[in-house]
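Two complexes are shown next, each including chain A; its partner changes from chain B in the first to chain C in the second.
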Partner chain A sequence: MQALYAQLLVGLINGSFYALLSLGLAVIFGMLNIINFAHGALYMMGAFVAYFLLSLGGINYWWALLIAPIVVGVFGMILERTMLQWLTGLDHLYGLLLTFGIALIVQGVFQNYFGSSGLPYAIPDQLKGGMNLGFMFLPIYRGWVVVFSLVVCIATWFLIEKTRLGANLRAATENPTLVRAFGINVPRMITLTYGLGVGLAALAGVLSAPINQVRPLMGADLIIVVFAVVVIGGMGSIMGSILTGFALGVIEGLTKYFYPEASNTVVFVLMVLVLLVKPTGLTGRAA
Partner chain B sequence: MKTKSIASFLLGTALAVTTAGAAFAQDKTVKIGALSDQSGLYADLGGPGSTLAAQMAVEDSGLAAKGWKIEIISGDHQNKPDIGTAIARQWFDVDKVDVIVDVPNSGVALAVNNIVKEKNGVYINSGAATSDLTNAQCSPNTVHWTYDTYMLAHTTGQALVKAGGDTWFFLTADYAFGAALERDTTAVITANGGKVVGGVKHPLNTPDFSSFLLQAQASKAKIIGLANAGGDTTNTIKQAAEFGIVKGGQKLAALLLFLTDVKAIGLETAQGLNFTETFYWDMNDQTRAFSKRFSEKMKNNAPPTMVQAGVYAGVRHYFKALEALGGNPHDGVKVVEKMKSLPTEDDLFGKGEIQPNGRTIHSAYLFEVKKPSESKGPWDFYKLVGSVPGDQAFTPLSESKCALLKK
Partner chain C sequence: MTALTDDTLPVTPRAIRDEMIVFVVMALLLAAVPFSGIYPFFVMQALCFALLACAFNLLIGYGGLLSFGHAMFLGTAGYCSAHALKVWALPPELGILVGVAGAFVLSIITGYISIRRQGIYFSMITLALSQLLYFVYLQAPFTHGEDGIQGIPQGRMFGVFDLTKPTVLYYVVLVGFLAGFLLIYRIINSPFGEVLKSIRENEQRAISLGYRTDHYKFLAFVLSGTLAGFAGSLKVFVAQNASLTDVHWSMSGEVVLMTLVGGLGTIFGPVVGAFAIIAMQQYLAGFGQWVTVIQGSIFVICVLTFRRGVIGEIAHYLRRSL
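Entry: the complex of A and B
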C-alpha cells in the first residue's frame, strides 16, 4: 500500500509536465486553431535557454524560470508573425505540417551542435535534498514542480476564462471581424496568445532541465504523449487539458508499477477508448 | 550438334568463371557501410563518430596510395530492426556494399547479422552488446569487436559481487540487449553465491525512472543493476541521486557506461561509479594521439568512445586481411576467415586475436569515475582501477554454443 502512495505521487509529478504542455497546446488550438506540433521543440528550447543562461552567463535557475519563457515566447511570436499567420482559415493540416517541419528543423539544428546525449543541469541549491514522507523519499525539487505547475495552470485558466483580456480573446476567436469593429487589434492579440502558449512550453522545459537531460530530442519524445493527453481531454478545452494531464500522469505511474512493459503505451490505449466512446474528448464540446 | 553447343557453352562458362576469379584477385574496390543510430539515444556513442572512425581507418591504412578505391556510406537505423535490415538489404543488393560496420542496438544488430550472412558480406560489429552475436547466433561472416554482455557481467558484475554486493535488483531495458545483459550478469551473481531479488523491464528510451527507482529502493537489494545504456542509463543515475538511493546505502551498478554518458551525467553525480570499458582515450601516447586527431574532426570536439575506437580498429584489421588476400574477393566468409587467421594489433586495443566464433579478444579495464576535483580537462573522467586479460574477460570457447565451433 505504501508503494502505491509513492507511485501516485510520482505520477502526479509527471502529470505536471503533461498538464503544462497540454495547456499550452489547448490555448493555442483554442485561440488560433493551430495544431502546434512545434510545441516539443519549443519546450526543448526552454531547457536549452536555461542551460545557456547558467553555463555562459552564470544566471541561475530562478531567473531562467522568468527569462527562458520570454526568450522562447518572442521566438514563437516571430514564427507566428512570419509564417503561421498566413495559414489562418486554411485546413488544420497545413498548420500541423508547417509546425512539424519547424520542429524538425529546430531539433536538427540543436542536434547538429550538441549531439544527442544531453547536457547536465544541476538542481538549484535551495531545492536540493528531499524529505521522508514515511511512505517514500520525496525529492524537494519534484514537490516544487508539482506545486509550481499547478499554480501556473490555474493562473492561466483564470486569465483566459475569468478576466476581461481573456474574454476579448475568446470573443476574437468566435468572431474576429466583430471584435475588430470594437477597436481591438485582433492579429496582435493572436500573436500574444501564441507567445503565451509557447512560453508555457518553455517554462515546462526549464522545470524539467534538472530532472531530465537537456537534450535536443527531449521534446520529441514527450510531444506525442502530450497530444494524446489533449485529444483525451478534448481539443481546446483549458480545464480539460489540465485535469487530463495530471490524471494521465497518475495512470501512467500506476502502470509502471503493475505492468511496466506497457507504461509507454497505456496513454494511447486510453486515447483509443475515449475516441471510441466520446470522440470530442472527455470535456470537449461538439464542434 | 546439340552436344557440341552444350559443351562449348560449358567451356565458355568455365572460362568466364576463371577470368572472373582472376579479376576478383586484382579487384581493389571496397565499399563500407557504417550503419548506426545517427540521431537517437545511441548517436553520441556511435553515430557520426563511428563513420568518422571508419574514414580515419581508411586514411591511416594508406591503401589509396596503393591503388585501392575505398568508399564509405552511412545509414541511420533509428533503433528499429526493420529499418536496419531494409538498409542492409539495399546496401548489399543495390549499392554493392562489402562490409557493414558499427550497428549499436542489439535488436538491430542481430537482425542485420542474418542479412549479412544471407548476402555473404562482412559484418564488423562494434556498437552492439549482446554476446549472442558470437554465441548462439554466431555467423561465419561476423566479427564482434570492442565488448559484449558476457564481458560486462564478468568484469563489473563479478567485481561487485565479490566486494559483498550479493543481492541485486535489475532495471532492464526491455529488448534483446537488456535481456542478454541481465541473463549474463545473473549467471555471474548466482555462480558467486549472490541472489537476484527482483527487477523491472522498462521500455527503451524512458524519460522518467522515478517509478522504477522507487521499486528498486523498496526491494532493499544491496546492488541496483542497470542493464540499460545511453540516455536510459544517464537518466537512471541522475534520478537515483535525486531520490537519495546511493545515500540510502544501495549501490548502483552501471553495467554499461560510455564516456559520453559520464559527460551527460556530470562528474558531480557520476563520481565513484565503477564500470568496464575496453578503450579510453587517455590510456597511453598512442590512444591520446589518435583521440586528438579524432576530436579535432568532431563537431563538439568529443574524443572517441570505445565503440568508435572499435570501428576504427575493426576496419584497420579488415584492410589487413584484404591486403593479405591481394585484392577484394567480395566473398564475406573468405575475408572473415582471413581476418581470424591474422593476429590483431593496433594502437587502440593493443594485441589480440579473433576467435573462431568471431569474438575479438583484447584486454578490458575497470574504471572509476573521477571526483570533480580530480578532473583536469573537459573529458578527463576516468581513473584506471584494474585490468582483466582478454581470455578471462570474454566467453571461453568451451562455454560457447556457437555452431562454427562444432566442425
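Entry: the complex of A and C
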C-alpha cells in the first residue's frame, strides 16, 4: 500500500504540472488563437532561471518562485511583441509552426551549453524532510508542490472568471473589435495574457527543479503529454483544464503502480478513447 | 480563417505542360547523379525524405491538415521492412510491401482517430499518437529498443538487381521516388484532388455542396500515410537500419520544415526543401546542437517572412503553378 500511495503522490505532482501547463495553453489559445508549442521550452527556462539564481547569485528558492515567472514572462512578452503578433489573421497552423521553431531554438541553445544531463537543484531547507501520516510517509516538498499548484490554479481561475480584468479578457476573446471600441487596449491585454500563460509554465518549471533535475529537454516530451491533456479536456473552460490535468496525473500514477509498462502511454491511450467516444473532448465545444 | 495558399491557380494545359517539363528536367538531373561524382548515399537519403515530404504535403498543402506525426509512418514502415528482411529473410520487393502494408494499416487506425478533430487539434492528436507509438516501439522486443534493427541485408530485387551495389541501389531508389512522386501528382490533379483543395479553402462550403468531407480527408490521410511508409521502406535499404530516431517527434518536425522551406501546397517544393535540409544537416554535422538552433531559426524566418517557400515564391513570381 505504501507504494500505491507514493505513486499516487507522484501522480498528483505530475498532475500539478499538467494543470499549470494546460491552464497556460488554454489562456493563451483563448486570446491569441495560438497553440504555444514553446510552452515546454519556457517551462524549462523557468527551471534554469531558478538554477542560475541559486548557483550564480545565491538567490534562494522562494525568490526564484517570484523572479523566474517574471523573467520568463517578460521574455514571452518580447516574443509576442516581436513575432507572434504578426500572425494575427493567418491560419492557426502558422502559430504552431512558429512556436515550434522558437522551442527548437531555445532548447538547442540550452543543450549547447548544458548538454543533455541534469543539473541538481537542492530542496530548500524549510521544505526538507517528511511527515509520517500514519498510512504513508509524505516528503514535505512534494506535498508543498501539490498544494501550491492547486492554489495558483484556483487563483488563476478566480482572476479570469471573477474579476473585472478577467471579464475584459473573456470579452476580448469573444469579440476583440467590440472590446477595443469600448476603449480597452486589447493588444496590450494580449501581450499580458501571453506573459501570464508562460509565467505559469515557468512557475511549474521552478516547482519541478528540485524533483526532476534541471535539463534542457525537460519540457520537450512533457509538452506532448500536455497536448494530449488539452485534447482530452478541451480548451473551453479554465476549471476543465485544471481538473483534467490533476485527474490525468493521478491516473498516470495509478498506472505506474498497477501496470508500469503502460505509464508512459496511458495519457495518450485515454486521449484515443475520449476521441472515439466524445470527439469534442470532455469539456470542450466543437473546435 | 485565411487559406494556406493565397494564390491558387486553375489547372490549365499550360500549367500541366510546365510541370511536366520541370519533372523531366528533375528526373534527368537525378538520373545523372552517379556520373557526377556526387556522393550517392547523400542523394538517396534526400530522395527518401523528399518522397516523405511530398506525401506529407499531400495532406497539408492540398487537404489543409497539418500532421505533426508523420514520422510514425516512416518509422513503422521502416521497422516492418527491416523485420521482414532480416528475420523473415524475405526478398527486397516483399520487404517493401510488408513495410507499406504496415504503414497502410497504421494510417487507417490513426486516420480514423485523428480526423475527428480539425485544425490545431488534428496536429496535436497526430503528435500525441506518434509519441504513443514511440513509447510502444521503445518497449516492444522486435524493434530492439534503443539499438534498433541493424545490419539489414539488402538482397537482390526481383532476383535480378543486386542492391548491395550502390549504383543499382541508387536507381532503384530513384525509380521508387519518381513513381511515388507521379502518383502524388496524379492524385492532386484528379477530381478527388480538386475536392480536397476545396475542403482546404472552405470546408463548410464543400459540405454544403454535398461532399462528405470526412471521407475525403480520411482517404487523403491514408494515401499520405501509406506513401510516407513507402519512403520509410526505401530508406531501410539506404541506411541499412531502422531506429527510434525515425519515429521521434523531431523527425516529424523535420518533415514539416522541409515542406515549409520548399513551399506548402507546391508540387516540387517538398523535393527542394528535403534536399536543402538534408544538405544543411550534412554540412553542419560538426556543429552539434547548433543544427537544432538553425532549424528553429529557419522555421521562424519562414513563418514570419517567407510563407510561400522557395518554390512558392518562384511560382508566384512567374505566375505559374509549380
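Criterion: the second predicted complex is superposed on the first by the 278 of 287 C-alpha atoms of A that agree within 3 Å, B and C clash if a C-alpha of one lies under 4 Å from a C-alpha of the other, contacts with A are read in each partner's own complex, and residues count from 1 in each chain.
Everything below uses one rule, namely that contacts are C-beta pairs under 8 Å (C-beta built on N, C-alpha and C of every residue); 3 or more make two chains touch, one makes a residue touch a chain.
Everything numeric in this text was worked out from a predicted model, so none of it was measured.
**Student:** Based on the superposed arrangement, let me know which partner A:159 touches: chain B (first), chain C (second), both, or neither?
**Tutor:** neither
**Student:** What is the contact status of A:111 with respect to chain B (first) and chain C (second): first, second, both, or neither?
**Tutor:** both
**Student:** Could you say whether A:8 touches chain B, chain C, both of them, or neither, answering first, second, both or neither?
**Tutor:** After superposing on A, A:8 lies clear of both chain B and chain C.
**Student:** Contact-wise, after the overlay, does A:264 reach chain B, chain C, both or neither (first, second, both, neither)?
**Tutor:** both
**Student:** Who does A:142 touch here: chain B (first), chain C (second), both, or neither?
**Tutor:** first
**Student:** Just chain B (first), just chain C (second), both, or neither: which does A:98 touch?
**Tutor:** A:98: touches chain C, not chain B.
**Student:** Counting only touches as set out at the top, which of chain B and chain C does A:119 meet: first, second, both, neither?
**Tutor:** In the superposition, A:119 contacts chain B only.
**Student:** According to the stated criteria, A:87 is in contact with first (chain B), second (chain C), both, or neither; which is it?
**Tutor:** Second partner only, chain C.
**Student:** Is A:279 touching anything from chain B or chain C once the two structures are fitted on A? First, second, both or neither.
**Tutor:** A:279 sits against chain C, while chain B stays out of touch.
**Student:** After overlaying the two complexes on chain A, where does the chain B footprint on chain A coincide with the chain C footprint?
**Tutor:** 111-112, 221, 261, 264
**Student:** Touching chain B in the complex: which residues of chain A?
**Tutor:** That would be residues 3, 6-7, 10-11, 13-14, 111-120, 122-123, 130, 136-137, 139, 141-142, 211-213, 215, 217-218, 221-222, 253, 256-257, 260-261, 263-264 of chain A.
**Student:** Under the stated contact criterion, what part of chain B meets chain A in this complex?
**Tutor:** 39-45, 47, 174, 200-203, 205-208, 210-212, 214-215, 217-218, 230-231, 234-235, 238-239, 242-244, 248, 260-261, 263-266, 268-269, 299-300, 302
**Student:** What part of chain C is in contact with chain A in the complex they form?
**Tutor:** Against chain A, the touching part of chain C is residues 1-4, 60, 66, 68, 113-114, 116-121, 123-125, 127-129, 131-132, 135-136, 138-139, 249, 253, 256, 260, 288-293, 295-300, 302-304, 307.
**Student:** Under the definition above, what is the set of chain A residues touching chain C in their complex?
**Tutor:** Against chain C, the touching part of chain A is residues 29, 35, 83, 86-87, 89-94, 96-98, 100-109, 111-112, 220-221, 224-225, 227-228, 230-231, 261, 264-265, 268-269, 271-272, 275-276, 279-280, 287.
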